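There are structures below to look over.
Across the two complexes that follow, chain A remains constant while its partner is chain B and subsequently chain C.
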Partner chain A sequence: MIDVESKINSFFIFNSTFGPKEGEELKRILFFHPSQISADARKIQVGLCEAVVKFMSTFSSEPCEALQTQTKRYIFYQPEKNYWMVLVVRIPYATKALSSIGEKKGDMVQPSIMQNLLVTAYKMFRMFVGLFTDVPADVIYTKCQQFFTPYILSRCITNDVINVIQGINYLPLEKNSFLKIVCFIDLLEINFQDFKCIGFIYNEQLIWNGLSTDDMLTLYQYLVQSLLPKQVEKEIQGGAVTAAQRHGRFITPCDGIHTDEDIDKIIKVYLKLEDDTETKQYYLIIYRTLSATICLTVYADKTLELETLKSLDAFIGPQLYSIASTISKQCTLHALQNAQLANTENKFLYFNRINLAFKSSVPINSLSPSAAIKPEVLNIIAGIHSDRKSLGNYGEIIIKTLDEYWITGKSSNEREFYVIIQKKNANVIEIAEEVKQVCEAQMKGIFFYPM
Partner chain B sequence: MASTSKDSLPSHLTHQENIDDDLVPGACPESILNPTDSFEEIETEMSTDPEQRHAKLTTKSSTISEIQSEIGEPSKDMKTAKSSDDLKEGMASSPSSSNITEQNGDDVDTDKDEYLQSPELVNKEKHVFILSSAGKPIYSRYGNEDKLAGLCGVIQALVSVVEDHDQDILRSICTKDCKAVFLVKGPLILVAVSKSNESETQLVMQLTYAFNQIVSVLTLTQLNRIFEQRRNYDLRRLLAGAERLIDNLLIFMEKDPAFLLGAVRCLPLPEKARENITNAIISTCNKIRDLVFAILIAGNQLITLVRMKKYTLHPSDIHLLFNLVRSSESFKTAESWTPVCLPKFDATGFLHGHVSYISEDCQACLLLLTVQRDAFYPLSQAKHTIAEKLEKMKCIGAINDALNRSKDLPTTNPLKHIGIPIIRHFMYKCKSTAQLFTSDPISLDRLQDYRIMHKEGGDITVKKIEKLSDIDYVKNYRKFCNQIHCATVPAKFIFRSNCENTILAWITNGFELYVTFDALVEKEQTKKAVDHLLQWIKREENRIFIMNAPTF
Partner chain C sequence: MVKFSLEDSDPYYLTLSEQPKRFDADSPVTNVFFDDTNGQVFTVRSGGVTGVTVNSMDESKCTSFRMEDKGPIISIKLSLDQKVLAIQRNNEGQSATVEFVNFKDLSPTNVEYSHTCKWKNSKILGFVWPKANEIAFITDHGIELLQVLPEKKQLKTLKSVSFSGAWFSWCARSNIVVLAGNNGALLQPFYFNNSTIVKLQKLELESSRPVVERDVCMVLVADVTWCAVFRHALTTIAAPGPTEIWLMPLSGSGVNYTHVLKTGLMGRFALSVVDDLIAVHHQSSQTSQLFDIMEECKVENNSVTHLPLVPAHTMRPAVVDEQPCPIWSTDSGNWVMFQPDYVIDARRGCLWRLSLAPAALAHNIQKEEIGKIVSCLLRRRGGADVVHRLLAQLVASAHLYLLQLTDAFDQINSVYSNVITCSLCVRALACGGGAGGRLRALLRRGALSDSRPLACQLLSLARLHPAATQLALDMMYRLRAREEIVEVLLSCDEAVSAVGAARQLDPAAWLGLAPRKLLAAAHAHAAQRAQPHAFVAVYHALQARNDTTRGSPHFLKGEQCESYVEYYEKVTAER
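Now for the complex of A and B:
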């Protein structure tokens, strides 16, 4: 059993102030998945959650986070006052009899993974639709329906690294190539004053970021987990690289921008850019050549002309092509190094809380989900990752499991470093020595831990 | 049982090269205690499916009737339970009084939210509520349970909604700083609302203890029958006096690592002294046919336990006896005859206990437990003989020395005696005998301490900690214990260092060990220290543990 999928039992959003009177309970439910659940069953589920929230409020000023029953786990998230998002996952009975024969052990989905899913879902909603409170009451039901139905169907809760530690994969570049990209972005922004570049991604690795890390993470997740995989699939189906792909094209809306109607289809997002004092709505324009993807924004009050976009296309196309080729060469070099990484038996993960940089010896992207880390081990890492206080600013933990896995977690200066070693008959001193070597080999100059 | 299944894996002792099983400090071929791990039992119980859980409470054969039939005694026990039941029922069930309480409940219902915010209840580290499955309040750790009728109604509703609509069981609710844990056991609902760092399993264990405390007063048979007859019964009428037992038990559980590890502390005594005490008891009591257990305890520690062949006690039953003795001042003044139900031993009936302190100048208390309900005089006689023998053999002095932590005993200040300065605190459990030893043995004045320390009333206080007390160390171990016993991904070894300290937790087939070191110690140093520590425990094992399992 490698990758255990736990099905989402249900996912719903409610606001008790929407139907305060008896008989109006259904009005409180803004969204309910799966849709085939009867109205009565919905009312009971939501009623239970309302009662639980109220019960806990008598004892704690903190909002309710989780409800655990024998067969289900409910995770609560209150992103805005009175708006509650609840995710329900079925949990298997982890009986001793089962666990002793080595089954079901990792089935328990970490609460932190579920919590992450809710928070990410909300942030996506906020970026693409806006705050719950800003959506007029009469359209909120349909807005939620339109946004969350496809969203939740595309998610599966797996015990996967990317669900445990939500980070951004950065592409390290040699400085000339990096400067080339920065120059290109500057030139673009000068020539097209209304346009701001908010992100530059190669494959699934971020090179340039013009947003706050929090917004970037959401945009990055949207690109890497949803938009780009679809694109790549299309490109593969298209066979040989077509001329258009060579020269690049707008990838939202998915068939490109050719007519005035296409302009209306451009997605809009809510963002707070560098000079903004508050969140504003922007057009999000995404352009792709070869494996390079660039994200641009234009203030939504501006009228976009087809002509502007056409000249933008003419400007970006050839330049991005040449940049993408340069990066591609460098990446080949990287790939060689990465192959070496993959060869080392010991797996490691690195995460920087400040810029959300994430690096790992196991492949991490949605195209090849990492099956390399056992769910049990991942659970332990999730536990360490979510309990920051335990290690503090500076600390180390070594845990040995029943099946001879040694998991080391180190925290130093807002950075985290994990090494997984499977070794029989080892002792803690040998393991510590090995971890030191991995750190030295992979993280030299990046992660410091003197002992 | 299931608890040992995973221990049968080949043992690769990792931290230290080879400790053979027979070298495990404190291990002995036969144990006076039943070493079943209650922690694991609870974990298992929590994760079995709902129907099995319900079935579990009812089906169990009676050990007491088994003993009675063995010694050719007619089974009187059921009758005993019934008669006392009838008696109390008759005494309390005058309809008027029940009406009054019910009316009261309705009256305060409206302002129950305000009551929850009153100083009596707000800002407590841990609440415990016990109610009947009909929602009638039975016990509240703080405040007046009468005024909590509204809250109990809410709890009952939550539990039953989950049960009725989903055929599911409500287990816990949490916020960032607070956990509410629910346990439905038979006709009772037990709830803990805690802001401590205890895990769900640890809280369930405490609730189970609270339930067992009630069973210990009533027996499970009687408890079930009461609610079968009258679902709306106000159980407080039968539990008068037991509130104090539960109060004390809750404090006891928060402070003593014995509960965390499911083990019993022994009073450290020279091997010879313990042997003399045990022999004095055996030679006096071996003629008394219906005597099941003779237990000598002092200050929540076991001195010796002599038992009927085939029968052992579970640590949790001993803990209840500790709690009973510690909570009852009256035992100090007179010999007592008291019915007591030991839920793990036999939840369906009472044993009868002769309880008395061994002498006026000694805090050791002798419990003689029998299946015979009118054996007071022979047992009283036996007690006096035992007391005389102990006096003659100077055992009382040895007990007092240990209790007063006389300076020249190695176990009085173990850390000083071991002499490794980087060790700040440790606790050790020998798994096969379910006994534990910590670097802070209890003494009498410390026992008083527990109650003084709880004087603040269980409020959450934010205080700057300058020097950790022993209880603080134990609190730090809770998370480690939980991870080591966790049902899904149990750990065998944990080493954690941060800027405050270094903690090591290690479980093998034979023992569990938790050690706190100074911050930033080298791993090699900790390894050496642990080796040394285990050798010391091995060397002193005859003093700190009970290494045999005497029978009558």
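Now for the complex of A and C:
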């Protein structure tokens, strides 16, 4: 059997309208990974996909989503008209003899996970670079190269909870501390009128969001999966934390903002603010003290002055330090509670589609992927999660696996709740009762549609 | 400087009672006495027969009577139970004697007697009634506490304490008397308790700056009795500084530091206590200052310094006989302040009580002072309503007063928890279009308390944002508003779940729910989606209900379900 775990076979983006004539096929390929693949091989792969997509369009107005061959699975995603993103993974296949012994298919990457990866990659691109259609044709190849190469290399597609249900981990906070943060944000926005706080994160948990939920997820993923781990590593390597670090600093650009040149290095992003109707371009300014990270935006057409940023630093630094200390105290308490959660026999997952809140009895942390949920079980959950229609606005499904796992999926009021119970010789009634108890114990104050 | 002014407020933070209690004005033939223990004004007309009129804010303590004129009166006071009248006269040779007249139904009986102090040649400085049947003679030799036995026409000495004093000050509310000794450099408090006299720790003042009688009074503020002393600057120096008021705690109160009130003024002063605030009246400027000794402050060198809470201002002008009555006008001398809040104009014959108008504290104040004022208002009896108005106004222009709002709520949080916030939030919710995200965040964090009005407001926003429905239903669930949940689910086109929720109601409520309503919702749902399953499920549930209540699955005629029965038959037949 071939080890394909978490390997991306290839990833490419094409637009057939870019080189419509014969001999211009390479122009159609905006990006191809891995880069060592020869031009001919690229043409063949892309050509196949072009053909499939085109062929399928005669049968359905919906764009083609996937293609599976004996050895490969192709997932297609058309984020903008004529722009196709394709992700290819190898399928573990074995000879008949082996499969008849009962070789599990559980390790196979879920199509929904692959789909998620494509969508996330696109959203990330859109956030940092913009729409494909807005990028001038002459620079789109280099833009894609610059953005997707490091992005794809940093991604791995594993059957992990965080890849199955893409949610945001919110930090539960006692209300006075939360109000303190809200006040701090208000003060900041009033004193620095051009600046808008779009996110407040403690460790990897979100406390405050000022973006539309979709964009928040993308920014959150960027912070938690890419920027912050690097930052934490730097802080750890740095040994003794310098006084400057303790009192906070700008972490983008990575060496901080000290000179006028640094201002030019500040990244620009396309985002839609919460309660706003359109996506606009902003400077993204990220500031960090202790474990608290705050994201600010300024309209990209404004001119940033070094003086303003310096006074911003002076303003945020001490306040954020005291807030971070307050939260830290509370987190110690939560850690204790979470330890108890993890000890509960039954595992559960919770997801709210409205604010993308995700909660789990299984520790979720990008640094330590959860191995606590068995792959088959996760596959079933992925199935329920992606097949939103079958449960409707509210509903419940109980699935039993061969090895005595009972998986209950509950959907209600835009929320999903999964409970995993391993129990021998149980019946559906017992399981339903147990799920009810877990639900009442863990989801206090949340209304599930009665049936 | 940004100023804040509470709407519909005026600057008069001190007002006199609307209607003064009128009495015969001071004149060559009348004398006016005031007893602050009972709050009674005694008007004594002399010449032949003495006519006495007693007036008080309390109608049950008003009376008038006649008595024989036995000489000029120095002091006249009724006992606490209004059953004995004590009179001290300025008669040569018997100055240590007090006369008594037994009273019945506020009229004198003919039972009269007198008692002479144990120190025969002492001078009675005055007397007080600490208890219904106890009287204390305060003399220059000491204090004698006596029990009055009206039936026996006798007085019995309970306790006496020797102290050489020149004058005294009495606080009826705490039963403490302070005697001034050593030419006003030593103040010795005594406490009447359980028919005995307790000597409290003495207060010593610099012998270079002794006090006189009019500079000392006793006040009860924040449940502590203080000896208030006006400390005027020495007149001997070239540039005398302003007067300070020292509030010295009397022992046993648990407080061991002095409050120093900085008036910044010089001249004649008087002092009142309203709603635990100290009002200092300054004669020449005709203004009053307010001091809040409960405000948060640092103790330094065993003393705490206070500045006026708000700038000095005149009292609301009183109107007497439809004429504005100037306060402490230049021809004054006729205005007298008594503890805690009595004001007497002897010439016009008016008795008022002072009261605080809390709204005026928020009139035209510095923006930065809002927090201080809120915290002060929270300690006032009529303050909550003003705080509520003030917050509503701050919220209305929150962009200007953000810091102050934080401060104000911090102050409130330290006192109450969450009483006022809810109604404010509902208002903010109703008008705040762009703040939806913030509101949702606050709700999810439980920063706003659950309440039915809030849940209903949320529901009305459901069309604008799907999260509102989710939050509203959660809130109703926490509030156990099960019947409302059924209604909401029905209006959300979720008939099956509505039936589910209805079954969780108490049995009577579920059985009493009109079937037509449920079927109508289910029918609408089915018609919209061309999917009869939900309708069939609801129909079956109701049939089962009919079966348990009436023994038959059919609907009653009065329930008007015929059209739905037809629809049911149609869809089931199709299957």
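Just so we're on the same page, the second predicted complex is superposed on the first by the 427 of 451 C-alpha atoms of A that agree within 3 Å, B and C clash if a C-alpha of one lies under 4 Å from a C-alpha of the other, contacts with A are read in each partner's own complex, and residues count from 1 in each chain.
Just so it is clear, contacts are C-beta pairs under 8 Å (C-beta built on N, C-alpha and C of every residue); 3 or more make two chains touch, one makes a residue touch a chain.
Fair warning: this is a prediction, and the values are worked out from it, not measured in the lab.
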After lining up the shared chain so the two structures overlap, which partner does A:Ala426 touch, if you call chain B first and chain C second: first, second, both or neither? first
So in the superposed three-chain picture, is A:Ile446 touching just chain B, just chain C, both, or none of them (first/second/both/neither)? second
Who contacts more of chain A, chain B or chain C? B
Tell me the contact category for A:Thr69 with respect to chain B and chain C: first, second, both or neither. first
With both complexes superposed on chain A, which partner does A:Tyr394 reach: first (chain B), second (chain C), both or neither? both
First (chain B), second (chain C), both or neither touched by A:Cys183: second
For A:Ile44, decide between first (touching chain B), second (touching chain C), both and neither. first
According to the stated criteria, A:Leu402 is in contact with first (chain B), second (chain C), both, or neither; which is it? first
When the two structures are overlaid on chain A, which partner does A:Phe11 contact: first (chain B), second (chain C), both, or neither? neither
Dual-contact residues of chain A, meaning touching chain B and chain C, are 393-394, 451
Residues on chain A engaged by chain B in the complex (per definition of touch): 44, 47-48, 51-52, 55-56, 58-60, 62-72, 93-97, 99-100, 105-108, 376, 379-380, 383, 390-402, 404, 424-429, 432, 451
Chain A contact footprint on chain B (complex, rising order): 2-3, 5-6, 9, 12, 14-15, 40, 43-44, 46-50, 113, 116-117, 127, 151, 154-155, 157-158, 161-162, 165-166, 168-178, 180, 193, 195, 200, 479, 483, 487-500, 520, 522-524, 527
In their complex, what parts of chain A are in touch with chain C? 173, 175-176, 178-179, 182-183, 186-187, 190, 208-210, 274-275, 352, 354-355, 393-394, 413-415, 445-447, 449-451
Touching chain A in the complex, chain C uses residues 399, 402-403, 406, 413, 434-438, 440-442, 444-447, 466-467, 469-470, 473-474, 476-478, 485, 489, 494, 496-497, 500-501, 503-504
